[in-house]
Structures are given as structure tokens and as C-alpha cells.
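What follows is a pair of complexes built around chain A, which joins chain B in one and chain C in the other.
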Partner chain A sequence: MRTFGSPEFLFIVYALRWTLTLTVIAFIGGGIMGIVLALLRIARSRVLRAVTTFYMQVIQGLPLLVLLFLCYYAPSLVGLEIAALTAAAVALTINSSAFLGAIWESALRAIPKAQWESADALALTPYKTLRFVIAPQAIRLALPSTVGFLVQIIKQTSLASIIGFIEITRAGQLVSNATFEPLKAFLSVAALYFAVCFPLTQLSLWLERRTARGGART
Partner chain B sequence: MEYTFQFGPLLNYLQQFVSGLWLTLGLSFVGIFGGIALGIVCATVSTSSFVLPRLAVRIYVETMRNTPLLVQIFVIFFGLPNIGIRLSPLTSVFIALVLNNGGYVAEIVRGGIQATHRSQVEAAESLGLTYFQTLRFVILPPALEKVFTPVVSQCVLLMLSTSLVSAIGVEDLTGAAMIASSETFRTMEVYLIIAVVYVLLNFIFRAVLNMAGLMIFTRSRRRLLGRV
Partner chain C sequence: MSVVVAKNIHKSFGALQVLKGVSLTVEGGEVVALIGRSGSGKSTFLRCLNGLETIDAGEIEVAGHRMSSKPAELRKLRRDVGIVFQSYNLFPHLTAGENIMLAPVQVKGLSRKAARDEAQRCLSLVGLGDRFDAYPDMLSGGQQQRVAIARSLAMQPQVLLFDEVTSALDPELTGEVLAVIESLARDGMTMLLVTHEMGFARRVANRTIFMKDGVIHEEGPSAEFFSAPKTPELQAFLRSEVG
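Entry: the complex of A and B
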């Protein structure tokens, strides 16, 4: 029987790249969809707003695990088999889009109406208003929560282990099964998550304090 | 390649779904209230002047917030037997949920306490209130009222993450769904049904918790009803 040594630990460390790959896909995919959702939520059309609200409420009210199962099994309805990575990436993207959309929407709404009106008075097109007036301010406001949510995404990638995708949680399970030392295996996994997430949590706190100070100055 | 939805075979599993739902509610209830209680205690300690307990709470809170709940469940259920602590799956997940939620609530409440002005504490001191009286009557009520909305959001998220307990074989709503889907092969039907149930639970929890907030915090009630 194998004991828990450095090869086993390194096996878990190597799996970190899959955790990070999944995080990057979900953050970029969810980010793009989130921007669209946030813009739709402040759109003039009432129908667009209502549809977007419905989508966001449903996704936010759905456990990620259930969403993950739905994404994993849905393609089999049309006879397709998809990889666990694809299913996990799609589920995490959909989930992140709703939460990032909500964060960015509230940042957009926090910009005073006078800013929109002044840009309008300067004859800026809606796109230019957004690009040069609203977005630069909204990004500053939304940055702390966005980094905070990135930490959530990293932790949520652990759910991909349930459908068998080998990221660090699954790697921990494999090592635990091979060595019968689950405590060491899972504590290593936890330590790796901590090593990745803790600096980001601190960054988010620092950004939040900086934004709060900047807000007080103006 | 055509898929016909058949919800019929699932009727036999109604019993399991209902008991799974009760377990989900029970887990959420314990996780939410246990977590809030633990969180308030930890937030109080982390804003007190005791250095060692403060450090201990800090480590606890950061550990909970920076590791996934799934891994926490695995450490408690699979890991602890290594050092002679053997817990049933149900006990493990109860402990994990309370500890996890406690960490998040502690961080939120700490923000609320720190937003309370120092002069209030000094005023309480000059009135001769003891430390616990100051906490009970001066510091905590406004702090908790201030952070009530984020705490509700956190608790609703906790309710959703109770679904993770199915990973170690606890038969909550998701666990019941896993069993039903593997025995009937009506996978999509099963998960669509419980998806709807969770979305409804999400709205119900939000409404009930917000209502409880209005009953507990007289000031927000007055603001809402226009100074009755």
C-alpha cells in the first residue's frame, strides 16, 4: 500500500492547473455574459429587463450542483456525450454570469444619473457614454466584489469532482483512496485552496478599503 | 435521438422526495441558526480586546471562507476517523454546515460591529454598563440590523449549498434525486423537478427570513410602515 508522501502531494498540486483552467473559463465566460446581463438589466425595454431578471433569479436560486447535473446530462437528450470539463465549464459559466451580472448591475446603478445626463448633453452616443463616462467609474466600484466572487468561483470548481473531473478535490479523493490517509489528502487539498484564495480575499479587502477612502474624498 | 419526457415513473419516489425535502429544510434550519449564533459569538470575540481568542477566531474565519464547503465536509467525514473521531454522515454535515455558515456570518457581523461609533460604547461605559450589557443593549442590536440583508443572502446561499451533502450519501433532496435518477434513468426529469423545488425554496427562505427581520428589528419595521 502507498503511503502519503511527496509524489502523492505533487499529484494533487499538478491537478491545480485544472482547477485554475476551470476558474479562468468560468470567470471569462461568466464575465462576458455578466456584462450583457448587467446592461440588459438597465435597458429601457421593460420586456428585456423582466426576462433578464427572471433568468438571474432562477440561476441564483438553483444549487450549482443541480445546475451541474443538468448541464452534464442534458446533451444526452439529443444523444450527445460531453466531457466532464465541458459540463463543468458550462455550469460554472452560467452560474457566474448571474452573480457577476448582479454585482455589475448594482455598480452601474450606483453611478449618479447626472453623469448620464451630462454625457447626453455633450452629445455622446450611448456607447461612448458607457465606454468613457460610466464604465471607468463603475469598474472601480465593482472591483472589490468581483475579486471576491472570483474566490467563490475557485471554491465552486470543487463541485466538478462530483461528476468525476480531476481537479484538486478529485485528486485528493484519488490519493485518499490509494493511501487510506484521507486526513492528510484532504487537508492538503484544503491548504492548496487556501493558498490560492487567501491572497485574493486580502486583495478584495484592500480594494474595498481603497474604494471606500476614494469615495469619501469626492 | 428523440427524448420523451416521462414524469410518471417518478411518482413512486414521491415518498423519498418528500423526506429528502424535510432533510434539506432541517439541514438549512440548523445551518442557518447555528451559523448565525456561532457567527455572532465569533464576531464579538474578534472585535474584543482579547488577543489570543481574537487570533483563533481570525484563523477559523479565514479557513472557512477560503476553502470549499465540499472539502470541509470531506475533511470532517473522511479525514477525522484518521485521528479516531468517527462521525455519521449526518452529524458530519451538520457540523460542516454550522462551521461554514458561522465563518461567513462572523465576517459580515464584524463589519456591522465595527461600523458602530466608538462614542456609543464610551457612553455605555460612562453609564456604568457592564461589558455584556453594552454588548447586549448597545453594540449588537444596531450592528445586527445593519448587516441583516447580507446575512439573509448568505443564509439563502447556505440553503442552496446543503445540496453538497449528497456527495457523502446523505439523502437530502439532491440525494433523493440521485437515487431516483439512477434507478429510473429519468435523469433530466428528476433534476428539472428538484431545480424547480430549489428555486421555490429560495424565494420562500428569502421571504420568511426578511419577515423575521421585520419582526425582530423594530426600527426597520417603523421605517417600512412609515413611523407607526
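Entry: the complex of A and C
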């Protein structure tokens, strides 16, 4: 039997890149889909609003674990074998898109109608209004919650361990099984999550204070 | 040449009929004041002139452009019509100078250099030549409103609309904004202003219009309009405004 030493610890540390890879994919993928969702939601079309509301409510109402199982097992129905990384990336992307979409939608809606109106009156096109007037203000408003949600994604990647994807939680499990020292294994895992999340949480708080101070400036 | 032609404008918000057939022509270089009790439809009428409100019936032609519901056509009209709002509505994330440069660069395609010079010129015109780099929240209400005027001027509009631009200001800041408008009048700018400043309307406007219940109730050259109002309603209104 092995004892918990530096090789075991390093094994967990190396798995961190998979936690981060998954996080980056989910954040970028979910971010792109989230932007599209947020824009569709503030569009005038009633159909678009209905469709996006349905999508967001379904996803937000679904436990992430269930979504993950669906993404992992559904392809096998049509005879496809998919990698745990792919399934986890898809599930986390879909999940993030619904939440980021909601965060950004509310930021866009928080910009006073008078700002759209002034831009309209200056003959800016809707795209340029969004690009130069609305988005810069909305991004500033949404930044604290966006960074906050990024921390959520990091923690959510731990669920991928259940379908056998080796990120740090799964790595901790493996080390724990091999060494029978679950406490050391999972304390290491916890320390790594903390090391990654803590700076981001602080950043989010700082951004929030800055926004609260009211400056809309960049 | 007529810069603004509005014929028989009707406008309702749901069941509320706000404009019940308003017709108005403004010639180039004219300054026209719109007065009346709150709720009489003055702002709504003004906003119809640059398409911020759609009309239910009637015809509008401004600066040679017919009012259109087509976005591209509407933008052509808006390039030539400036509007200044009661609450300034500057873009808070941009400096005074950037606020002014935005539309000339993005709408007219001016180079940044040309737009910067133009913005500087417009800021100087409103007496804020030294505040180019100030953000709106560093400026007083009166200064913000002057930047908003400069922002409209930078598009070199053929007509400027003012929607109660001093109503949100403390009395001591009202004067500086009115002085800017007065200097524009002297320079021959065509302007249509909704205002509560009777003395200003009388002094600066060539013509004053009294709106009541969604129609033009009385109008005339400002001097006579204020010294010898004809209808009892206008007489009562002017008494209440002075008293």
C-alpha cells in the first residue's frame, strides 16, 4: 500500500489542468451562447423570447448532474461513444449558457431606456448603439456576477468526476483509494480549489465595490 | 425654406389621445417655443418630429426628409435633427469629448482627428472648451446639459429640438444653459423648444405656441403672444405661470 506523499500530491496537482481546461471550455462556450441568448432575449420578437425563456428555464431547473448524465449517455442511444471530457464540456457549456445569459440579460436591461434613445436620436445603428453605448455599460455592471459565476463553474467541474473524468476531485478519489488517506487527499483537493477560487472571489468582490461606488467609467 | 413641416399629427398611447391634430411649420432660422400645462402633449409632439414616437396619423417632413418607419430612412432624418433631453442622457462611460465624437465618427464617418477638432469646437461654443476629458459625473447638471447640446451640435443638424432642457436644473444653473441656447439663436440655428421659462420664450423665440389638450390652442409672434394673449385659456395659463 502507498502512503500519501509528494507523488500523490503532484498527481492531484497535475489533474488541475483538466479542471481548468473544462472550466475554460465551459466559460468560453457558455459565454458565447450566453451573449447570443441575452441578445435574443432583449430583441423585440415574442417568439424568440418564448423560445429562449423555455430553454433557460429548463436548464436552470435541471440539476447539473442530471444534465451531465444526459450528455454522457444520450449519444450511446444512437450508437455513439463519447469521451467523458466531451460530455462534461457540453453539459457545463449548456448549463453556463443559461446562467450567463440571464446575468447578461439583466445587465442589458439595467441600462436606462434613455441611453438607447439618445443613441437612436444620434442616428446610430442598433449594432453601434449596442457596441459603443450599451455593452460597455452593461459589461461593467455584469462583471462582478460574471466572475462570481466563473467560480461556480470551477466548482461544478467536480461533477465530471462521476462519469470518470479525471479532474482534481476524481484525482483525489483515486489517491484516496490507493492510499486509504482520504482526509489528506481531499484536503489537498480542497486547497487547490481554494487557491484557484479565492483570488477570483476577491476580484469579484472588488469589482462589486467598484461598481457600487457608482462610477460608470472605465 | 421650411425646416419642419408637421401636418395634422395624431398620437395616442393606448386609449389616451395625446395629440389630436397638430400642424406646425418652422422656417429656417426660426426659434419656436412650445408652452402649455404639463400633459398637454408638448414633449410627445417634439419626440414625434425625430421619430422617437411613432405617429398614428398625419405627415412629418423634417430637414427635407419625410418621416419613415424604415430604420435606414429614419436614420437619415435623424442625422439632420438634434434633440436635447431634460435629463441630459450623456453616455456615462465616455468623457465629454468622446460623447460628442461618437456620432460624427460612427454615423458620419469622420476621422477621429476631424471629430476631435469638431468636438473641441462645439465644447468651446458651449463654454466648456477645457472639459474635454471630464466624465459626465464630474460635471454639474448645467455643464452636462451644455455637453449634451454640444453633442447635438457636432452633427451639424438643420434643426435642434429642446425638450424641457432646464427643468431638471437648479435655478442657478438654468441661466448658463439658456445663455447657450440664446447664443445659438443669434447664430441663426433653427430651434424648437418645449419650455417652462416664459421670460426666455418671450425674449428669444420668434414665435410661441400654446398647446392645450393635444391641440395648438393659440400661437403668435412672441411679443404679441405674451403681451396680448387672445384666448382666456392662454391668459389664465400665463397668469398662473407668472403668479
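Assume the second predicted complex is superposed on the first by the 214 of 218 C-alpha atoms of A that agree within 3 Å, B and C clash if a C-alpha of one lies under 4 Å from a C-alpha of the other, contacts with A are read in each partner's own complex, and residues count from 1 in each chain.
Everything below uses one rule, namely that contacts are C-beta pairs under 8 Å (C-beta built on N, C-alpha and C of every residue); 3 or more make two chains touch, one makes a residue touch a chain.
Keep in mind the model is a prediction, meaning the values are calculated, not measured.
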Given the superposition on chain A, which partner contacts more residues in chain A: chain B or chain C? B
Which superposed partner A:Q60 touches (first chain B, second chain C, both, neither): first
Once the shared chain is lined up, is A:I42 touching chain B (first), chain C (second), both, or neither of them? neither
First (chain B), second (chain C), both or neither: which does A:L183 touch? first
Counting only touches as set out at the top, which of chain B and chain C does A:L16 meet: first, second, both, neither? neither
First (chain B), second (chain C), both or neither: which does A:L203 touch? neither
Please name which positions on chain C make contact with chain A in the complex. 50, 52, 71, 75-76, 78-79, 81-83, 85, 87, 89-93, 102-103, 106-107, 135, 137, 151-152, 155
Taking the complex as given, what residues does chain B use to touch chain A? 1, 3, 62-63, 65-72, 74-75, 78-83, 160-164, 166-167, 174, 177, 187-188, 191-192, 194-195, 198-199, 201-203
Counting only contacts in the complex, chain A reaches chain C at residues 114-115, 117-126, 128, 132-133, 136-137, 140, 214-218
In the complex, go through chain A and note every residue touching chain B. 57-58, 60-67, 69-70, 73-74, 76-79, 151, 155-156, 158-159, 161-162, 169, 172-173, 176, 181-187, 189-190, 193-194, 197-198, 201
